[in-house]
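Let me begin by presenting the structure, written as structure tokens, before commenting on it.
To keep things simple, chains are lettered A, B and C as they appear, and every chain counts its residues starting from 1.
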Amino acid sequence: MPDTPRTVSLFITCLLDTLFPDVAQAAVDILNKQGVHVRVPSGQTCCGQPGFNAGYWDEARVLARHTIDLFGDSDEPVLMASGSCASMIAHYYPVLFQGDPEYGPRAQALAGRVVEFTQYLVDHLGVTDLGAHYEASVVYHPSCHTLRGMHVDRQPRALLSAVRGLRVLEQRQPATCCGFGGMFAVKMGDISGAMLADRLDAFEETGADMVVGCDISCLMHIEGGLRKRHSRMKAMHIAQLLAEGLKA
Amino acid sequence: MSLQTSQQPFHARVSKAFENAERVAAVRRATVRFYDQRLTALRSLPDAEATRDLARAIRAHTIANLDKYLTQFEAAVQALGGQVHWARDAAEARQIVLDIAQKTGAKRIAKSKSMISEEIGLNKALEGAGLEVIETDLGEFIAQLAGEHPSHIIVPVLHLTRQEVGKVFASKLGVPYTDVISELNSIAREKLREVYLSADMGISGCNFAVAETGTICLATNEGNGRMITSLPRVHVALMGLERIVPTLSDLSVMLQLLARSATGQKLTVYTSLITGPRRANEPHGPEELHIVIVDNGRTRALAGEMAEILYCIRCGACLNVCPVYRNIGGHAYGSVYPGPVGSVISPILGGIPAFAELPHASTLCGACQDVCPVRIDFPTLLLRLRRETVRQGRSPVWVTLGMKAYAFMAGSPGRFQLAERLGALFTRLTGGGWFKGQLPGPLSAWTRYRFFPPFNRKTFQARWKERQSNG
Amino acid sequence: MADSRGHILHTIRTAVKTALLPASSPEHPSLAVPRSSGGVDEFITEVEKLSGRVLRVATAREAVESVISLCQERGWQRLFAWEWDEIGCEGLPEGLSRAGIEVAHSGSPSELANIPAGLTGAEAGLADTGTIIVRSGARRSQLASLLPPTHVALLPAERILPDMRSYFEKLDAQGGASAHVRESSNLVFISGPSRTADIEQTLTLGVHGPRELIIIVWG
């Protein structure tokens, strides 16, 4: 562990804030246990991705400006337990504010500070074995924005493989989109449903107890589908699984 | 046929696609197989990633210097007695080909696969002028007989079973029904051989035009491409103005990636370099070579933030990997160009009104960018097009209202917390826990396939604030 | 139409000024990419993977014997061939004549369409893709490797190169790849017999082009 205590700012993300606060708390607890101090700037709302992805860039910019203002202009890493929101800030805030004399450089700066949760643990803290224990068989779903947006894949797999009692199984065509895609899930509902069905079938074919991932938007859509088909499989965010594993 | 292949609205086309489970399964089988074969083929390159980087750099440099390379190409072709024509749009391109047919007295025209010929609606125009047009690429031949549009840019009838092909041959060619694939291929071979030997004109596309030599490069497997560019006395090659590379060395780089990305072959069986018409002392080959350089909206892409789509080499890898394409197949896109590349190029060439949904028919998963031999950033291009569809008022009303509401409620911390409390109220009123019922209106699309998650009693931020003030 | 040409070129020149072109550079790119280094063995392996057939012999004489054996095995009484000096295999015309095999070097396509086998040389082979290169010329009809159902190609082993790029580089060293390519209206890289998988992605050989490719690698 470093001499000076580390501090990160947490960008909760709107989905974790409203629907899955336990997951955000789990992430904070894990970081605290690693000696990391977590600040949570107050007044967070949403990174603006839903609007941006739907083509409403002006609306997205309002939310993005608020986010940029909130996180200030420092070097402190901005930690996000969500590959898609992290990707939004890291890749698309600069696009949103291209040519903007004030927010352009600030967007670029914030984009450079964003770190995904597992990426922070493994690459910044150098930790893969948290000492967790969890008896289950899991299949890891690599969310598209986590995998291709943030280039994070090795890190969550390393963390999972270090959990005692955990068996990680592989599904067919693993790096395939679950079909969430934000508004796509509703606007293109039948296509989304078909893509989801394919993934759920793939997960269930492995016989695993659980689907684990790093992106709550995918997991919410996957769990919604598992419940609808009365599957015995559960879905969990990796932060939750690790936090549960540390309680043992 | 022209760029737009259907008059039905997008959602109707998608529904229709889902109705045919066999067809969906056929598309899935084919695309998964091509995807796997591509991976194997790339591994056989000494360094696939470095090759892709170089290929991207070649395309980028070429598009940035397009006028220079096109004029160099033109001069090289003309110096060997070939003729170069320029077409601003589809109508002009069709007229040019009609004029050549008329001048040369061509009556029977044999075609090899050419996406751009479909884009400009060439066949219909030629037939309308009383000319006989026969597609010779097996997939296109079948599609032509069946009266269907191709559904994939490399494998035109990937959506048909052999039984369906057998029925088409039996009814249209008057042969006894068979669904044995080798027999179906033999039937096609026999029918088309007679066509090759009697056609007056061959029309091909162009995979790559080489500026330094004035060469048209055609990558084919069946031999029909060679037949129609060797036997008829006139050869017409159509090319989009972006289908050009500077040198033979550049061509060799692109050819390392084209077939591997498309079908997993290292090279197609025949890679033909056609440079000028038959020489005076050559015994065989066309007497006349005409190359038609077509714009038809490509310069519109070139002028702005969509220019990167012109890097595309039409390999089809993006179609093979796209989970949306895999589920809905090519016809649902309603365009000659389906899949990720189609979702970008169709609204550009054909206008947003005709193709407004296509940029939204994607989760932006990025698999396309992952497999693209020239690393086109599809997600960003699709996002820009989505912004345009909104600007042009092509967004459904409920989406706009929803977006405005969302922007409003998430626009301030206070309203955001209020939205959460309203959500928590909904969750309480519906029994707590995951909502099993149907949400109203367009939101029912969610609950058709999923339960809806519960809003928490308190947001994380609310709990955090309490915790800070307590501890 | 002259004004279309001018219009398009003008539009391109204007468009490029506002084009967003990632990865573009004013200089013609020349990033170094690692190269293949295969030879005869790899060539043979690759050809066979494509369902082509290779007969490996040590001398021109054995090559001639192979051609005659093939004709006798298959009952070929007539061949359609390039002119002998273009094939460049000593003793070939004499050997075929002795064996009573007729050879046509020219003719109309309909006449040539019924000949069972085409016989050509090859100006190079590419090891990484199992490819032979045939180039049209006054005495090298492009139909010989296309119309007959079987194509037999005589390829000197020393002409096998690692890959396509090295082929163009070799030509450059010899006076210019561009000039070489521009000599002929038709240069084809042939990798195996013709094929299609258009129906249910099921491979069938021999659609329109030859259904059999036999390469005699000699020397």
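Convention: a residue touches a chain if its C-beta (ideal position, glycine included) is under 8 Å from a C-beta of that chain, and two chains touch if they have at least 3 such contacts.
These figures come from a predicted structure and were not determined experimentally.
Colleague: When the mean CA coordinate of each chain is compared with the mean CA coordinate of the whole protein, which chain is closest?
Modeller: The most central chain, going by mean C-alpha position, is B.
Colleague: Which chain lies the greatest distance away from subunit A when centres are computed from Cα atoms alone?
Modeller: Taking each chain's C-alpha mean as its centre, the farthest from subunit A is C.
Colleague: Roughly how far is subunit B from subunit C, centre to centre by C-alpha average, rounded to an integer in Å?
Modeller: 30
Colleague: Quick check: how many Å separate the C-alpha centres of subunit A and subunit B?
Modeller: Spacing between the chain centres: roughly 32 Å.
Colleague: Please report how many Å separate the Cα centroid of subunit A from that of subunit C, as a whole number.
Modeller: Their C-alpha centroids are separated by 53 Å.
Colleague: Which stretch or stretches of subunit C touch subunit B in the complex?
Modeller: Subunit C reaches subunit B through residues 1, 4-5, 7-9, 11-16, 18-29, 31-36, 46, 50, 106, 109-110, 113, 128-131, 136-138, 141-143, 146, 163-165, 167-169, 177-178, 181-202, 204, 206-210.
Colleague: Which part of subunit B faces subunit C closely enough to touch in the complex?
Modeller: Listed in rising order, the residues are 26, 29-30, 33-34, 44, 46-47, 50-51, 53-54, 56-58, 60-61, 63-67, 70-71, 76, 80, 85-88, 92, 96, 136-139, 142, 155-158, 160-162, 165, 181-182, 184-185, 188-189, 192-193, 196-197, 212-215, 221-224, 226-227, 229-231, 241, 246-249, 252-253, 255-256, 263, 265-279, 281-286, 289, 293, 295, 299, 302-308, 375, 377.
Colleague: Report the residues of subunit A in contact with subunit B in the complex, numbered from low to high.
Modeller: It is residues 12, 14, 16-21, 24-25, 40, 42-46, 50-57, 59-60, 62-63, 66, 92, 95, 144-145, 148-149, 173, 175-177, 179-198, 220-221, 223-225, 227-228 of subunit A that touch subunit B.
Colleague: Can you check the complex and tell me which residues of subunit B touch subunit A?
Modeller: 14-15, 18, 32, 323-324, 327-328, 359-367, 369-370, 380, 383, 386-391, 395-396, 399-400, 403-404, 406-407, 410-413, 416, 419-420, 423, 434, 436, 442-446, 448-456, 458-461, 463-465
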